[in-house]
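Sharing a structure below in structure tokens format, with a few things to ask.
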Amino acid sequence: MNFTKEEILGVLDTYDLDNITIATICSHSSLQIFDGARKEGFKTLGICLRAPPKYYDAFPLAKPDEFLVLDRYDELLDKVEELKAKNVIIVPHGSFIAYMGTDKFAELGLPTFGNRNVLEWESDRKKERQWLVGAGIHMPDVIEDPRDIDGPVMVKYDGAQGGKGFFIAKSYEDFLEHIDDSKTFTIQKFITGTRYYLHYFYSPIKEDGYTLSKGTLEMLSMDRRVESNADEIFRLGSPKELLEAGIVPTYVVTGNAPLVARESLLPLIFELGSRVVEESLKKFGGMIGPFCLETVFTDDLEIKVFEISARIVAGTNLYISGSPYADLVEENLSTGRRIAREIKIAKETGKLDEIIS
Amino acid sequence: MNFTKEEILGVLDTYDLDNITIATICSHSSLQIFDGARKEGFKTLGICLRAPPKYYDAFPLAKPDEFLVLDRYDELLDKVEELKAKNVIIVPHGSFIAYMGTDKFAELGLPTFGNRNVLEWESDRKKERQWLVGAGIHMPDVIEDPRDIDGPVMVKYDGAQGGKGFFIAKSYEDFLEHIDDSKTFTIQKFITGTRYYLHYFYSPIKEDGYTLSKGTLEMLSMDRRVESNADEIFRLGSPKELLEAGIVPTYVVTGNAPLVARESLLPLIFELGSRVVEESLKKFGGMIGPFCLETVFTDDLEIKVFEISARIVAGTNLYISGSPYADLVEENLSTGRRIAREIKIAKETGKLDEIIS
Amino acid sequence: MNFTKEEILGVLDTYDLDNITIATICSHSSLQIFDGARKEGFKTLGICLRAPPKYYDAFPLAKPDEFLVLDRYDELLDKVEELKAKNVIIVPHGSFIAYMGTDKFAELGLPTFGNRNVLEWESDRKKERQWLVGAGIHMPDVIEDPRDIDGPVMVKYDGAQGGKGFFIAKSYEDFLEHIDDSKTFTIQKFITGTRYYLHYFYSPIKEDGYTLSKGTLEMLSMDRRVESNADEIFRLGSPKELLEAGIVPTYVVTGNAPLVARESLLPLIFELGSRVVEESLKKFGGMIGPFCLETVFTDDLEIKVFEISARIVAGTNLYISGSPYADLVEENLSTGRRIAREIKIAKETGKLDEIIS
């Protein structure tokens, strides 16, 4: 039983808007989300399993005011009335949806920051591609038939978490040697270049700034993911030497490192973000709040997009107290705080219906 | 018709110094330059082609007060009277000169931050080498005759922008295979180590601090350039394997990543900066303001300098709100702000003639 | 003649606690230590050879109030009475002990931040391993007999400074080719993954926070060391290709780069820190103040610890004005400042005897 936006707004109508509580699952980017919510004056609630995570005690500025302790994340569905009584708005992050599961998340009858409809577009690689290519974004070519591999490709299993199990193949033979037939996968041409993960924020209600057909676009920061063991495996040998030794490069994200892009690329970076948002407005009413384009900058200074995350990404955790970009919007602005700010402004201007679903 | 310093100071004499406008071309490090100028209380003017760059709308704290819109950058020469009326001081960055061209830039009759004479010393690799080696700096050996290549070398085309077309050769045969004979080039011994781009600031008018024969030296930050595709190409294969597959590593700068150096290297870092400044004072009256030594730190903890940039570099864009070094000079100090501060202090102490030309 | 804790506390009893001076050797992380001490209101004294290091003049916020100039670091032993008269508390860093030597350091009869007993446990690789393994920490397997090498290993000479002379061997033959028999060494299994250096702070006197059996644990930041020439050597060739060309990868630390870890790894990160502290409490009365676990995060998201530093590490120099973690404890908190804060709180609550020895 999925909820419609109208039903959710009906719940919101019952809320005491002067006592909103921002809630999320204690993981991924939750320290930042709670820190940002606190700075904007909201109460906070952390959802966790078995017991409040002890590491929060080490970060007093990010510790939520209270915890909701569950045995399994889907028990959240049984706590809806309790959370409504606390005027809870859910801020979902990547792990939130992974932990609950897409289906259960859709059944959660609580006001949630962002647009629920984005889920079906990003969880399916074919629809994601349709969206991005529709927006005129350059994505790495997809190879439908593995026998057509005629140069380096990246093979990605659908729904893989954090890069686990991705591999590079250079030929059909290479592909056959590594592929796990029991899983569905996508083959993308491997793009040589440098990886940048671009952290945007789309507000449908802000009127001044980098304006789109509706609302405004910000670019708050960027990072490069730290991938184990691919990032440092060259110390042992080249891919070919490693293969002969039976050592397989892997692409599991263990963290993030900061960087900035050439200023001359900013027009293109904003153009890409704009196109993706405009297309999302057409296709499903708009992707609201933070999103991330996962890109490669080539040596022709082109930007190829290989994936989109339609919510706050963990790379923003680098920028709890601002970034070289966010600091030019407002000092000390994290993505977590930007989310809380959006909710605050929407509340004050009577526009919560435009950012909640 | 190049301008002499005297002529430029004559222009400055006509200025209303309480209404200085800081101007630069909208690219490279302009966000930081405008942000810094604003923080120091200056008016700002952005020079751009066709239309004000929309991305500035996303960074309100860095948006200049007004724009000068041109069709070609050399039209700037026709706007000199208009800009004089606004009491414009130009802050040039790397792209400023690349976009206008060295010749046209020399013809720009507007007060400009820094020493115009530095241009001829940095734009010619032979004179650059004469300057640095004259300062007692260790540079990678230059190989005059390609047939003398007997180990790894880096081949650089003169005037190449952002590392495009550089290549590593390990032998004369290797060299012949890659060289584009139509261009002039320099061959430097390849130094193994880790790259550091050191961001200094030389003030001829500040009296307290790390003093030189005249003025003081600061070291505000450092970065490592992100180079596409060289930085991540190892994921595909070793240089030799790539060569066999027809894939060529390239060294195009796409952005910058932050780092710090061992504190025990700071004496050497300052020694290098001092020598370069002292030699510039002897050779052409001094290199004023920000400059960058592009270096490799070897495993003997020696620092080899492979190039100098005699103005603000894009790596400083990482440090809009300070750096681990600048924060020990003054909190929240970017290189852009440091430039504006220098102009402000010079104005207040009647020393603009020492930093403008 | 080594000093006991009781003797040192006797010295402390003679101090004017309202006029404490924080002193350290001018290197490693001293800028940060002095900056932090100044921010907490302490006087500062820099110990140096021959003359005050000139680079301090470039960093006014970190320049100590006065210098003690020596010809050799062990002359410090002759200056003890002079320093007592200034109510000096020594804050040791990695280079402090390396420069003085472990033996001389033990003979220094001045109140010192931290637990003197930790030295014997970290300077001997066997005792270090006993401590960490006793704490239930996963360390890379040690190979006692080189003939048992059957996969990649890292060979480390005992007492090697900054990674100089470490090497990777893949077989016994490989090992024989590189080993310097005149030195003692340790062979560890090479762990593929990404390196993280985790910066903790253990306070035996703070009561609220992430509590242990006594006191509390903080995690203030993390870095990755920049190693010359290993980090960029892949641009020249694979390890095998380099070997054939007679080029040897080296692991000399030239600096540090910032990063953050996946939030979902924080429980494990705190668990590791807790275990090490608890075991230190059992074994030698506790490791007080900052310490660092040098780790590899594998693609199974396990954390292997390959070494411990029982005091402030240079990687914290990235975070002079806070870090993405420290900012959630308190804004603008560096490890250097955290040390000064600990001394201040201990002084105010009469607990200096718990953090000084």
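First chain written, first letter: the chains are A, B and C, and each begins at residue 1.
Criterion: contacts are C-beta pairs under 8 Å (C-beta built on N, C-alpha and C of every residue); 3 or more make two chains touch, one makes a residue touch a chain.
Everything numeric here is computed off the predicted structure, so don't read it as measured data.
Matching the C-alpha atoms of subunit A with those of subunit C calls for a turn of 120 degrees, to the nearest 5. Two copies of one sequence, subunit A and subunit B, touch each other mainly through non-matching residues, since under half of the numbers at the interface are common to both.
Rounded to whole angstrom units, the spacing between the C-alpha centres of subunit A and subunit B is 35.
Residue positions of subunit B touching 2 or more other chains, listed in rising order: 234, 238, 241, 257-258. Of all residues in subunit C, those touching subunit B in their complex are 27-31, 35, 53-55, 57-62, 95, 162, 164, 226-229, 231-238, 241, 245, 247, 250, 252-258, 314, 317-321. Put simply, subunit B touches subunit C in their complex at residues 152, 168, 170, 190, 192-196, 208-211, 216-219, 224, 230, 234, 238-241, 249, 257-267, 269-270, 297-301, 322, 324-325, 327-331.
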